[in-house]
Amino acid sequence: MQPSRSALVQMYKQMLTIRRFEEKVAEFLVKGIIYGTGHLYIGEEAVAVGACRAIKPDDYITSTHRGHGHCIAKGADLNRMMSELLGKATGYCKGKGGSMHIADVEAGNLGANGVVGGGIPIACGAGITIKMKGLKRVVLCFFGDGAVNQGVFHESLNLASVWNLPVIFICENNQYAMSTATRIAFNIEDLSLRAASYGMPGVKVDGNDVLRVYEEISKAVAHARDGKGPSFVVCQTYRWKGHSRSDAEKYRTRQEVAKWKKNCPLKRFGGYLLDKGILSEEEMGQIEGEVISSIKQAVDFAQDSPFPSLETLEEDVYAS
Amino acid sequence: MQPSRSALVQMYKQMLTIRRFEEKVAEFLVKGIIYGTGHLYIGEEAVAVGACRAIKPDDYITSTHRGHGHCIAKGADLNRMMSELLGKATGYCKGKGGSMHIADVEAGNLGANGVVGGGIPIACGAGITIKMKGLKRVVLCFFGDGAVNQGVFHESLNLASVWNLPVIFICENNQYAMSTATRIAFNIEDLSLRAASYGMPGVKVDGNDVLRVYEEISKAVAHARDGKGPSFVVCQTYRWKGHSRSDAEKYRTRQEVAKWKKNCPLKRFGGYLLDKGILSEEEMGQIEGEVISSIKQAVDFAQDSPFPSLETLEEDVYAS
Amino acid sequence: MPVNIVKLTYREALRRALREEMQRDENVYMMGEDIGVYGGAFGVSLGLMEEFGKEKIKDTPLSESVIVGAALGSALTGMRPVAEIMFMDFITIGMDQLINQAAKIHYMYGGKARVPMVLRTAGGSGTGAAAQHSQSLEALLCHIPGLKVVMPSTPYDALGLLKSSIRDDNPVVFIEHKLLYSQKGEMPQSEYLVSLGEAKVKRQGTDATIVAFSIMVPKALAAADKLSKEGISIEVIDPRTLVPLDSQRIVNSVKKTHRLLIVHEACGRGGFGAEILAQVEESEAFDYLDAPIRRLTGRNIPIPYSPGLERRTVPQEDDIIQAVSKLVVSE
Amino acid sequence: MPVNIVKLTYREALRRALREEMQRDENVYMMGEDIGVYGGAFGVSLGLMEEFGKEKIKDTPLSESVIVGAALGSALTGMRPVAEIMFMDFITIGMDQLINQAAKIHYMYGGKARVPMVLRTAGGSGTGAAAQHSQSLEALLCHIPGLKVVMPSTPYDALGLLKSSIRDDNPVVFIEHKLLYSQKGEMPQSEYLVSLGEAKVKRQGTDATIVAFSIMVPKALAAADKLSKEGISIEVIDPRTLVPLDSQRIVNSVKKTHRLLIVHEACGRGGFGAEILAQVEESEAFDYLDAPIRRLTGRNIPIPYSPGLERRTVPQEDDIIQAVSKLVVSE
């Protein structure tokens, strides 16, 4: 199950890209260069990267309001992402979507979603297409712990199970839905227990360990590709930053945040790669350089891009 | 836990009342005397009667589209029920509600519901009131197996659990939601498994055994009154008649129906009472007579009652 | 009846449309509660499961949110689902998926994705099903950019519009009326389509225009017949699709008749009649009006159960006659 | 500022109303997502949990359907909940409980039960939150008999109307606007109420009437100020509650000014502006109109993200000035 060396390096690079991309977004939010809201993925990189490494380019994902990480892990173009965040015409959605609606349906990214849980039934729909067209694809459906208490979570997991759809439901349990701790919103500790309600496999993994995530999702993907149906995988992780643009973070302690920061998925994986001799310090530095320059390029591209013209305002309401 | 003799007799009488009442409704539906639709409770009498016997008059229930049984078991007045079914001004809802909306909030019946699952969050709300006012009441929340796949089921059971609400969620698993067998709509056999998702007790009982229902609901009620929170009780039963007014019943076999009819909750309980010497054949006959005459009286009352006057049409849209 | 003309009920016409489209395009399929062996609550899909199999005619669990959401997800990835919500009242349960997702994806994604889905549902009162099974909620949908809204009044239109809806690349809400299912009507034996966005002049007239849709069309036509005996000549227009709305045909008619009555079953307050009224007011027809535009609509009350009350809640033929009579004398 | 007058933001005014009503009536309580320590997404309830405790200020799981449904269930049994849906867009998730249950129970039960609940929510665009976090969906609610719909435009009204809403025995949807939260305004220090169903003439004028609500009120007033410099005298009316609607005040104003412009942020098609237009058309004011009634509304598109686009999607001060200018010259 272990990925190849080059895959491991790729994963590291993706995780780092997400981290640095989000740091730039954070800066732009503070400076008002990014206008709307933004939900940062910092601290959760191992989930998107571990999961997306387990699928092929023509597989699908559905994403969330906290979607930049999924996007990058699914192979999105940073230039078009950053342009979208800056509301530019060259963005994935021509500036009409913004952070919460980045999508690239042709590349299998069925879209971020501003509605918590909103993408879950959509993932089922993609699963229906796969089955009806006899494709061998799968769908990775990402959502947060908060979404696990939405009605659509329930309806969707049940439907996926009774119709045996090739969907892997991935909960990113970062311990909070906005200010609401899972211990307040749930009367169970292990959210993966809920899989049993639908007669599907459920498992909880360390979501800060990219290889564990990769491994579990790979199993679930194989299961789905074999026609054995959906799975529910809960990845335990943590959101380092505030929920969105402004958040006084009164609902958690500094100590808690500090504890989780020590468990940094990026450092852990980097340390592992060094330990195993897969990457040297020097190579790592080189990767860091490449990542930073790709983000700089994205920023330049986005900042040089034009805003959408007002003529486009009423376009694309209806497809024809 | 065994009810007193008079309670047992009462229970038998209520079950018989439901049976005979519904037979009359069936006749009126066929004859067009009842105008709208109607969902008959025949075959499921033990659930409502066993459950409602476990609570006190000031406790609450929420009911369903198949609500006549709950109504009667909660002590409704047959005259006003039948009047409502006939759309008369003397009905529980002054003729404005009909079969699917009979309610008697003062008597603790928070209402039937035309929306499958619609009553489940309402039961949570009643639970909130009870807790906030420091009452010692409980809520029995009835719904069908179909409702267990609605999003509100999920959201409500979770809320009740995290807020420790005194609600007993009672699924009347009559094996079908309209034409949809539970084996098609679920990938689990025992629906009570779903309780685990919310960290609440769950149990499956023979819903055609009124004493077993009484016993399990009594336990759940005691649990709730003790401040220990909600439970989920699944009662296995069967709907004898078609789903509603017209139903070709192509989704099930005659043999299956016949098998369940042999397991008649009324006959079973009647047999038990005879066996134990609690009732004699003669007493039973007398009860039958009383029941029939109470229904005849209800029919007369309803038929003699006036239709609501057109002046009432626009009344009661807003409370003032 | 000419040989190439057939007579079908509205229900049968819908079924024929579904059958033809499923035969024509393998991406078309149906999903909904009890649409398989039961044939749907109103019998529209009766026999289709036997004909097309369970994969194409999918019985779902009782879960309206995921019915809408899964339909849209499969539409987004290449299928053309026809999903069914048994009673229109229950679209409220799938409302987020319909309004926030399906309707907006094409725009939010910068035009780079499509959601070619149809959501069929049965609206309207008249069956004694009371407040939660009798609503006409089209106004809620017409307000949402990205949705199309279709409300056929005849078997002919039902067939042609459903086929066009299935071929449309947008989410289309297709609203049938319970009391129309058994109505019969003629149509060609051969294939035909009715385009979305084309109103139909159902009856020519000169004294006043009635715009009516769904069940109100036959009622308006019956009223117009009676009125013609009193020498009042009524033009009846059925927009057939509310979004897109063929306002031009309505405007043209008003320019001719100088009087307009809008009739619908839904509650008047915030009903789509207000929008039609406003569009005519804002159009060049305003200068031609000889009397204020009038609406005749359902009352602003939930639908009551008792038959006498229920009947008085929504416009009936007599109400239309009265309203027109008032309109043609007013100045 | 007189001693008995205080200046508060819209946010603070709402908080004061909530505080006063919770102090006054022990049956009043709040529930919603992140309303406790977080104080709500827009800070309205900041500090209330500390003051009233967790039982009165209930943080819920992320479950909009049960938020609405549980609120109604507790209202039905004697409480007076004030539930919060963080963004108006998400009322679609609790729509069945709101529309099919809460709105209809009083009627369906023959008047024998009441649902005294308030559903607070934040609508509107202008924050770069895009299509799923920026809608103005009041039209969907105004169409449903049994609901009341309130949309305050000032801190004064926000306070007085929220208190009245909490004391009302019906389900009231109370729609706040994101861009108004930080607006300041004066109000008495002592307790006061603003009745539901009373429009307010925000500015007297003679040449034309603007009916505007929520965020469009300050925009209309600013436009009217500018127009007055050109000698155009505008009357601005804020209905404040859309249901019940104080049409009489609007009608009276139109009888005086002979011209009417209706301004709202929501999409025009099927927006509540159409209903206001229709009601005036149907009223005695029709005969006084010197020009057709005009609507100036949000475009019929989802709210786009990019700031330049977003701004052009909904009416701005300049658009109002233009629309009025056209209206007063037209005949």
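Which chain is which? They are A, B, C and D, in the order written, and residues in each are numbered from 1.
Note that in this section a contact is a pair of C-beta atoms (placed from the backbone, for glycine too) under 8 Å apart; a residue touches a chain by one contact, two chains touch by 3 or more.
On a predicted model such as this, the values are computed, not experimentally measured, just so you know.
*Asks:* Quick one: which chain's Cα centre is the longest way from chain D's?
*Replies:* Most distant chain from chain D: B.
*Asks:* Report the inter-chain centroid distance for chain B and chain C in whole angstrom, where each centroid is the mean of the CA atoms.
*Replies:* Spacing between the chain centres: roughly 36 Å.
*Asks:* Take the average of all CA coordinates in chain B, do the same for chain D, and state the distance between these two points in whole angstrom.
*Replies:* 40
*Asks:* So the centre of each chain is just the mean of its C-alpha atoms; given that, what is the distance between chain C and chain D in Å?
*Replies:* Their C-alpha centroids are separated by 31 Å.
*Asks:* Multi-chain contacts only, two chains or more: what residues does chain C have there?
*Replies:* In chain C, the residues touching two or more other chains are 61, 63, 65, 89-90, 93, 96, 100, 107-108, 130-132, 145-146, 299-302, 304.
*Asks:* What residues in chain B touch two or more of the other chains?
*Replies:* 93, 95-97, 101, 113-115, 118, 149-152, 155, 158, 162, 184-186, 317
*Asks:* If each protein chain is taken as a node and each touching pair as an edge, is the resulting graph a line, ring, star, complete or other?
*Replies:* complete
*Asks:* If you look only at chain B, which of its residues touch chain A in the complex?
*Replies:* Going by the criterion above, the answer is residues 149-155, 158, 161-162, 184-188, 193-194, 196-200.
*Asks:* Help me check something: in the complex, which residues belonging to chain D touch chain B?
*Replies:* So the residues of chain D in touch with chain B come to 29, 55, 58, 60-61, 63, 65-66, 68-79, 81, 96-97, 100-101, 105-116, 145-146, 148, 169-170.
*Asks:* Where on chain B is chain C touching in the complex?
*Replies:* Interface residues on the chain B side: 35-37, 84, 87-88, 93, 95-98, 100-101, 113-118, 146-147, 149-151, 177-180, 184-186, 247-248, 250-251, 307-308, 310, 312-314, 317.
*Asks:* Inside the complex, what are the residues of chain D that reach chain A?
*Replies:* Residue positions touching the partner: 33-34, 36-38, 41, 59, 61-65, 89-90, 93, 127-133, 299-302, 304-309, 312-313.
*Asks:* Using the touch definition up top, name the residues of chain B that touch chain D in the complex.
*Replies:* Listed in rising order, the residues are 60, 62, 91-97, 101, 103-106, 110-111, 113-115, 118, 120-130, 132-133, 151-152, 155-156, 158-159, 162-163, 315-320.
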